[in-house]
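Below: one structure, written as structure tokens.
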Amino acid sequence: MDEKMTQRSVWEKIAAKLSKRSLWMLHYCTGCGAIELPPTMTARFDMERFGINPMVTPRQADILLITGYLSVKTLKRVVLTYEQMQAPKYVVGFGSCTINGGMYWNSYATMKSLDRYIPVETYIAGCMPRPEAIIYSFNELIAKIDRGEANSWKDYYNNYDFYRENQEHTFEGPIETYNDIKADAALFRI
Amino acid sequence: MSKIDEVRDYELFIGPNHPGISGNFSFKMKLQGDKILSAKTDAGYLHRGFEKLMEERLFIQNIAIVCRICVPDPDPNENNYARAIEEIAGIEVPERAKWIRTLVLELSRLASYLFGIGGHVATTGLYAFSNWTIADRDRIMELFEELTGGRVYHIYQLPGGVRRDFPDGFERRVLEVMDYIESRLGDYDDLAINNALFIKRATGIGVITKEQAIKWGVTGPNLRACGVAADVRKDDPYEVYDKVDFEIPTRTEGDAYARTIVRRKEIEQSISIVRQIIDKIPAGPVWNKIPNPLKWKVPAGDAYVRTESSKGEYAYYMVSDGGRNPYRVHVRGASTTHGVHVLENLLAGSRIEDASQIMFSLDACPPEVDR
Amino acid sequence: MSENNKGSILKPFRALKFIGEKPVTIRTPFENRPTAPRYRGFHVNDQEKCIGCGTCAEICDNDAIRMIEIPGLEPEVGSSNLRPAIDYGRCCWCALCVDVCTTNSLNMTQEYTHVSEDLNTFFMFPDTEGIHKTDFPLGYQASDDSNFLDLERVEMEELSPEERGDSFIEIVKGYSKEQAIAEASRCVACGLCTDTCPAHMNIPEYIEAIWDDNLSEAGRQIYKTNPLPEVCGRVCTHKCETACSIGQRGEPIAIRWLKRYAMDAIPAEQYGDVNNFRVVKPLGKSVAIVGSGPAGLSAAYYLRLMGYDITIFEKYPEPGGMMRYGIPEYRLPYDALDKDINYIEEVGVEIKCNTTIGKDIPFEDLHRNFDSVLIATGFHVGRSTRVPGTDHKDVFQSIDLLSKITRGEEIQVDEKIVVIGGGNVAMDIARSLARKQKVKYGKVNIIVTSLETRDIMPADDEEIEEATEEGCVFYPGRGPVEIVIEDGKIKGLKTNRCLSVFDEQHRFSPKFDENDIKLLEGTMIVESIGQGPDMSYLDTYTDKIEMDGRRFKVNEFYQTSIEWLFAAGDIIKGPDVINGIAVGHKAALGIDKMLENKKDLFYNTIFDVLDKSLKFEEGCRKSSSKFAGKFSPVVNNMITDLTVKSKDLEERIKKLIQNENVLIHLDKKLKRPQEAGYFERCIAEEALADTTSEKDFLKNMERKTRVAFGLYHDLEKLTKNKELEFLFGYLKAQKKKQLEKVEKLLQK
Amino acid sequence: MEYEKENSIVEMMQMQFPEAAFKVKKERRIEVRLPSARLYDFAVRMQKKWNFLHLSAISCVDWIDDGEFELVYHFWNYDEKVLVMAKIRIPREEEGDSHFETISNLWQPAKFFERDIHEMFGVYFDGSEDMERFILTDWNGPPPMRKDFITREFALNFYHYRDYEPQWLKDMMAAGEGNE
């Protein structure tokens, strides 16, 4: 945690204060946990109170919700989506399936631990997590952004080879991605 | 034809991440301008291999996994699984458990219809309506939480009955929620169902004739919207559907609006069924105890069990070879026809702006297709 | 739903009615809606009530519950040192574990929020306070509405007191097949019974075999640790049933009756191939065993399996020791005892009856003619209370009367008899005399008095109940003072009330209340307060052996200070048959260790056992490929097919063993340490005798495949870890198919 | 007489298919076992003559011990309200696809079921337009629903599982060493 508390210029602190209040969540239901998103997004639990709203395209989204299990086919699309998203970007893992395979632990088609493929900011326990738990995790995320600690996305650039190798092992072959991650890494001076 | 307005075919990939598609699903469309020449569905994004996982688990352990197959309407799965075992093993279910199961099925149908109609109207841009229906659906979620302990996944019906009886004061709260939803129906009609814009937007979209419906294997509300009064609850009654009376609303146009109207009227039927259940439910045990689940063997045999889910005919074909694990469970989701070939036939010839509305009006649920 | 869909201009104003209504939004986290009282949230486990039986881990469909060994927690009777820990990266909150918990200690709270980036916090140890140590109300709890366990026992038919009152036929009728399978299906295979049983019998395995209706498998599992199953199926003191986890909230599994059902159902002549018995390589060494009680017979059987030549010297005319001459026939019929003993003789043990060591053969000869000697002579001399009057002719020892009854000799049976003693032997003599009285006088008048009060009497409760049903009257908690004799005849026994039996250091020093005197009428007194050994036959060795109090000083393998002399049975460690068998078996291992100077007698980890099975598979391939091309084409391609399959099985085992997923969770230890000799004998099996006849080859192949099937079946039960469970299930299925193929060829 | 409606249907069918074994399982459920060669004619009569217009599902069961696949066709009659389960057995090829004829020209739902069975079991339906992979496009292993494919073994060898070192376990072990 400490290396994340790098010296932040005053502009970064202001930027963090402003950006934490207007986060865009990518509207992409990757797994079964997505059924709890409509009550969270709409009037019943209304996450818009915290400035979070669903966004349709990865290009303008900040939060990528992995709602539960990921079949290998979806994992390919999730990796592409994640790489399209603009940094800083935050991945939130829903439920047991993203941690250790959940109830599909012996399935041939689903990945077992999310953090081997993309860096994950926080995990929520539950199968599936309730809307209240999701909103609680959003508040945690906002607080972390405010403290400048939500830097897991840098991890993707720092040891990209680790992620790349796991992805190619699971996809049994390379997948062509649009972004040149190594070049982006230089851009962010990581 | 001058060079400019020469129209060429082109291919368009929609999904799997697309707000206009319900769930994780994608299309490969061939278009000419904005007219769809042909569409090919592409599923498998939510495939977990349920049928394989079920073969490696004990009979009792599967009650936790079956309700995860179709998320908006999980209870037909649990009911199918429990009834398939009861039919093979010849287990008697206590009368009260049957009534409770029917109540749970109807509440799940209500929640799924609210979700479905909300989604369909939202594709035409009327978001306020889906906010209403999702918020009202949550009242039913709270009822489920009280009865079964889980909001979405109930894991409540098991072979031989249900796991727990009503908590006290539960009947009163069910009637309160039913009254509340009934009082909301008027607002729903004003805002969307009778809204001229929505009617104009939904009529004539994704028309299925009666012959096509039968030929393509359309079932459930979509079939009733084409004028065929076929409902598994009436034709092949199970649990206590033969002891409660309800009508089967039908329409003849077979378009998106007809499907919405059929679902809208069935909400009223479901509310009346729930009320009948609450006042006619007999007292008694709720579970005909099965032997020690770690050593329970279901005798060899097979069964084809069907329920009427909010999406259509939902059936399980289970084979047991007399062992501790089911030998084979084939899940016939309702969307295996609606979500794939019926959708492809409807999309061919329609316009790109109606594509997502057609999908939502059929209430196709991708996890049922992938299992 | 109004059909008029023509919009009216005023319609939008209808929305004004919503102004007054309260918004539907629940403003979490500022305003938290309480969950339903029955909500399935995070787990809580009452550590005192939990007995670590592992049934929750067994039923969890996501393998989310792992049983963790708690350092510093001592296993006792009916509770292990394991406790469940739950992996919230696997759990689906289905609450099957709550509904199956044998002690209802595992419940769920209404707490549902846990957000963290440190994944280690998702592997939680449920205790009373919950995951965040904040006390949330309980949510989903166990309830009778859906209690998964079968708590009632299948009733065992017995003869009614009238029917059995005057005859020595067996009381308990035994289970029918349906009853046995129903009773066996109640077992949750937690293994607590095995830890409690002195002989550590494979109880869950043989109960599952009975449930599977695979009786030869049940016989095989039983014989791995108990060579006298028919006896133990009737007279064992069944400590395992006190440890049974189902017994926590219901009636324990009838383990003893199930063992009896299994062995009754296997005819004596099939014992041989049930155990795949073959002395694989005779070692040319011999062991003498003095005394054919349970300890002697058990040591003889297992030593014989290891390849030693065994002779047992028995003083009485027939073998069995206390089992024959101490236990009356209504509890242990002699044909059941003979069935066990005949098989032990069939295996190659020579029993010499009517030969008393020290009289017919001096003890010294044993040392000269045999490589090792095991003394298991038991307690055959009754101890007297030595109160005044015990030398009277009408005062008897229960041991002498019981052995006379067994030999069919006439014994004195007066109309009123007083039995002193509170143990099982006292019950036996009281009920035997009751039967004799019923036959002779038509009515029963037996008084039984013991120092211990009713609740701490050492006899089994069923014994005391059945004795009272048969007419015996009890005066517990009284000490004998004097036998009252008037003109040569016994009038009765003067007794005082006994205040306490043991002092603070639990030493036997009873205290009496002098002035509470009570005379128990009876013309005949039988003393049954305990028995002692008669070690006179040791003559010159008595002073050479180091004593530890009144018993020999022995090491862990019951080896006395004299290297070649071992001791077992009541003379070392009592008090019942199963302890005799367990000590006999351990002594046999000790003798084997000494004579063959073996180093590891037990396998403790999965790897020891696994590389044995890999060697076995390799051996099978080598030996069967020797015969390739020698027989008919059908058998030839069966051989080639088997060698390919066996190579594939070996690859699968190796691949998974080096798999780091398996190694993460692989709890190296086996459920129970396994006797190495058993696995070595299976390995030695692979050496196929070279034969030219196809029939013998197929016969040999059938035996070897059955051994392999048994090996993988054991591995499936031994591994604590679910990651390997399916592998051994698969290997077993392959061997089953192979067995069917070979049997089909054999019938041709 | 019990199951009157079902028995009358059975008689009607028995005449056309004498070699088929009919059995009324319970109300509204008829089971028929017939040789696989006769299945297509049976399907045609079901749709054209006996008014069983709804093909509810085609299921496939892998009887690995008998070396056969069992295909079960579930026909439903809207008017009579009866379900007929037609069962046939086809040989199970160890390597590569087993073959059978398609009925997707009669029933459109069969297109999906047959394609699904091809993906999951490896039964190629000759004459069907689309036998390409639909769900398992990113799967390179064998057809997963076959009994000789063990999914737990595949998952263990292919994926990575997590090992935890929670704080409470460390404290417990430390406390354990303390008094060992």
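To keep things simple, chains are lettered A, B, C and D as they appear, and every chain counts its residues starting from 1.
Convention: a contact is a pair of C-beta atoms (placed from the backbone, for glycine too) under 8 Å apart; a residue touches a chain by one contact, two chains touch by 3 or more.
Small disclaimer: the values here were computed from a predicted structure and weren't measured.
The interface holding more C-beta pairs in contact, when A-D is weighed against B-C, is B-C. Note: the chain lying farthest from chain D is C, by mean C-alpha position. Inter-chain spacing, taken between the CA centroids of chain A and chain D, is 38 Å. Rounded to whole angstrom units, the spacing between the C-alpha centres of chain A and chain C is 54. Averaged C-alpha coordinates put the centre of chain C at 45 Å from the centre of chain D. Along chain A, residues 43-44, 73, 99-101, 103, 105-109, 113, 127, 130 each make contact with two or more other chains. The set of chain C residues that touch two or more partner chains comprises 24, 61-62, 87, 89, 92-93, 119, 122, 726. In chain D, the residues that touch at least two other chains are 136-138, 144, 149-152, 156, 159-162. Residue ranges on chain B touching chain A, taken from their complex, read 16-19, 23-24, 44-49, 52-53, 56, 64-65, 68, 71-72, 115, 130-132, 134-135, 137-138, 141, 151-153, 367, 370. On the chain D side of its complex with chain A, the touching residues are 136-141, 144, 149, 151-152, 154-156, 158-162.
Residues of chain A that touch chain D in their complex: 72-73, 76, 99-101, 105-109, 111-113, 116, 166, 170-172. Within the complex, the chain C residues that touch chain A are 23-29, 32-33, 42, 61-64, 87-93, 112-117, 119, 122. Remark: chain A residues 26-32, 34-36, 38-39, 42-44, 54, 56, 58, 69, 71, 73-74, 77, 81, 103-104, 106-110, 127-128, 130 touch chain B in the complex.
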